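What follows is a pair of complexes built around chain A, which joins chain B in one and chain C in the other.
For the complex of A and B:
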């Protein structure tokens, strides 16, 4: 019998709920430690980033105004879909230099982490909101609101767990994001985008690019329509660049270079708060000066 | 060519349109490489060709004044920008717009003739037009009677356009074909020919109230009608695609098409316009991007 032709998977990027190839037509081939070629992966350009930001901005209105409970349901659905594709993720993790046992652990943690943030979707607002005492006749309260479009340079190391640990809190809080996946270990990120595409997540809420942080980080930072940046490497030069150039539109910046995603410290509602902004409302109330306003 | 309205019959001067050919030809205009310098010049030209439009039931004097300010000051942070070509409003808003734009050189266009449906009596349409002109409109955008057109009453359509043209006096007349309701390129071509024969100064694709509005193929059919009419009569007619053009890139494709079909004579706002409201901001964002090198965000630009 003739040998069957192998059908190889094309690793594409994920923008606005679609799987385009990079507009640049470029690709790169990451190797694992033993020198095996992982795949031909899209080398995204600044124009892909531009398209992704347009998609993320377009999705922001709908996603941020969904009920928190519904966002929670969708995150839970993402975890379910991830669970259903265990075998594929395990295989990719092992291909990307993980051991079988470590890969199992990383996958379990990744699924649990989504569930964790699914739970927080409709709870962090209560924890971080406040009613403020003021000296005039106003009801004064502060609530967190999503910042907008978040640019994420994902951790280079934990290619699945790290990715999920930085994405989940951002979308749990109602932001949308454009993520640049790990340059050296991009396989899980692309497969994860296929999970997203089958989990009721509206197109554009999460956009995943593959490529080189050295090429794209500055374009993330300079983009006036990106409202916050998450950066996970220790590179001091890049961190300084991000701090300086984010001033142009006052981006909210988070550096997660000290976080061990494998531990409990890798999950917390404070990660959600990193891409929220506090809005305070002064609501006039009847003058009750005699009684002294409680708030 | 003088055409008496009574002896008017169509097929003689309206050729059939090859739909596949037109679509392929239109698609090819989008493949031109435009280098940075040309792009900046092109974008400024696009801005200068825009009829900044608000045609809503909820329009107020304040909204129109604000739009007029935007027309005169598209983005003051970027010096050296042209103004838009005109502000397009309903007849009742013409006076407000005229006053707000005084001395700026920006024209006021008014829709008329029972816009957008055109379903009214001759008398009402005439008075609608005269009202707009008396209020100070420099340009009148009329709609054709699509129902009559579909029923084959071409003479009616022709006479109506001729009548409105007369009522316009000095004001330039744009004739809206509402191509989204015409159904085929053959009919678009026929309607274009009727409008030009009847005296239109501009032919315009759409009201913006019907989908599909302006597309590149439909605009190409109309541009070719204008070209043929020019060869036949020596009279230039302007073109205004309206509705659905909201991105700079697409607008540049249109300019390429105008240049390659009609030539440089049409590449100014006397002969080519974009009917749009959101296109202006996209053009401004691209111009700022060209200047600063960074991608822009909509919330740094005035809404209108």
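For the complex of A and C:
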């Protein structure tokens, strides 16, 4: 009997809810530790990044003004879709040098982490808001609002869990993002974009590029329509560059170089707050001619 | 239709203030304030001569007379101040029980209240703002700010759920000239409440109330070195920002300098709070109570001569009421009293400095060149000092520089709009996002607008309101971090 020829997957990038190849036509070939080729992976360009930022900006208005409850439902749906694709992710994690046991654990944590943030979507506002007892006759309250488009250089290790741990809090809070996946372990990120595509997540909310941080990070930082940056490596030179050049439009910057994504410390509503602004609203309380209390 | 328009016209009566209703002078007495001829640097609880041996004058912008001279701190002085702050952090302040820390801060608040009149006079003398504002707003709000944050010192575990807050160390704080004492309070009070020590530099044109505050701090018995106040210009500020022993920078000032600071601290572990520029949109809908709105617009742009980062400097008026609003605005600014800041009837005082006046005048020229129509009421300005009458620009385009750039003076650009979506688009079309305002009688529209405007503080049917309990700070290029309220604690702590 003739052996059936396996259909290989093309690993593409994810922009605006679609799966283009990089406009540059370039690719790179990451290998695993035993020298096996992972895939021909898109080597995304600055132009891809720009397209992705346009998509993220376009999606921001709609995503941020959805009800928090609805965002919560969509995150939960993402977890459902991820659960359903376990086998594929396990295979990729193992191909990317994880042991079977570790891969199982990473996948469990990754799914649970999405559930964790699905739950926070409509709760962190209550925890971090305030009604402020001002001394004048005004009603005054402060609430978190999403910062906007967030640029994320995903952790190089923990290629699935790390990716999800940095994306989930950003979108749970109503921001949209452009993510550069782990350079050496990009497979799960691409497959995760297929999960997103079947999760009712509007196109453009999460955009995932593959490529080299050494080439793209500075373009993320220089982009004037990116409002915040998340960077997870300990590289002091890159961190300095990010803080320096982000001054151009005063991006909000988070460095998660001390975080162990495998632990409880890898999740908290404070991660959501890193890409939130606090808005304070005032309105007069009518007090005609010193009218007294109503009771 | 024509009839109702005609009735509208006769309905509003223009009040004439210029002839029979002029005010007599009502100047506040300078005698209630004592100002030394010369001020040294307040370092480690003592007054120290500057190692630069240099002093510079601070002048009264209303008369151009010298008021006093203050020391110029150089690198060696900054080193001393930061060293004193570090020492105090490690030896006394960092170890002190929080409730004791609180009581010192309460005490500072009380002494400010006791010396309120003196502080108000000095603030108006040194900065040019009307005594009515320094007396009724700057000084009491400064005292209240200390009072508010004092109480937080021993309650921080309630502020950050599931986290333990710890102090950062030495905070380097650089403040602007528009609200000298109040900004000092905004900076120092939360820093102390969270257990940090402070090196603060007031602006070079308005150092006096900060130095008076140093005297108050000395009087309060605060341990030496917990708060150090040093004077100087940009170089001194730069030495503070770049000092390796400083853990936190808090800056209020221009977006330009804020960006320089952000670049300077790249590659360090310094935390930063930046409160920068703004170009707030103030929006009037046709259903708004127009007289109230006009008062709010006046307060929004002419408060403190428009030297306010959150000033409502872009006015958007719904087309149907444009004519009416502009007429009311013109009438109203004709009745504003421009002159002696110490006069209790003064509405608009002196422009803070010659340099700032030149900057404002540059923008007046730019506005005219861009084709905008300028309106200034005829009012007599004092011959000496720095003055700018209240100014309206009409026939302005969204792309004009007077619409886009921060002028930081009593200059209002007036534009029109038709629909909610249009005005949101225009209001948010700015690199800034500090504040915004909306005037309408419709509740749902208020919330629609306040939610969609990308700004850190949104005033609905009011403007330029501030309170120690209310967080303040910007979106986008207006900076990051909040000052005031519970949220104002976060920039001064690490969370574990």
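Keep this in mind: the second predicted complex is superposed on the first by the 280 of 295 C-alpha atoms of A that agree within 3 Å, B and C clash if a C-alpha of one lies under 4 Å from a C-alpha of the other, contacts with A are read in each partner's own complex, and residues count from 1 in each chain.
Definition applied: contacts are C-beta pairs under 8 Å (C-beta built on N, C-alpha and C of every residue); 3 or more make two chains touch, one makes a residue touch a chain.
Bear in mind the structure is a predicted one, so any value in this text is a computation, not a measurement.
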| item | value |
| --- | --- |
| Partner chain(s) touched by A:244 [first = chain B, second = chain C, both, neither] | second |
| Which of chain B and chain C A:50 touches, first, second, both or neither | first |
| Which of chain B and chain C A:7 touches, first, second, both or neither | neither |
| When both partners are placed on the shared chain, which of chain B and chain C touches more of chain A | C |
| Contacts of A:101 with chain B and chain C, given as first, second, both or neither | neither |
| Contacts of A:87 with chain B and chain C, given as first, second, both or neither | neither |
| Touching partner for A:222 - first (chain B), second (chain C), both, neither | first |
| First (chain B), second (chain C), both or neither touched by A:33 | neither |
| Set intersection of chain A contacts, chain C complex versus chain B complex | 248-249 |
| Contact footprint of chain B on chain A as seen in their complex | 50, 53, 57, 219, 222-225, 248-249 |
| Of all residues in chain B, those that touch chain A in their complex | 293-298, 300 |
| Contact footprint of chain A on chain C as seen in their complex | 144, 161-163, 255, 258-260, 262-263, 265-267, 274, 276, 431, 446, 450-451, 455-462, 465, 467, 469-473, 475-477, 479-480, 482, 485-487, 495 |
| Chain A to chain C touching residues, read off their complex | 127, 130, 132-136, 138, 140, 142, 145, 147, 227, 236, 239-244, 246-250, 252, 268, 270, 277-284 |
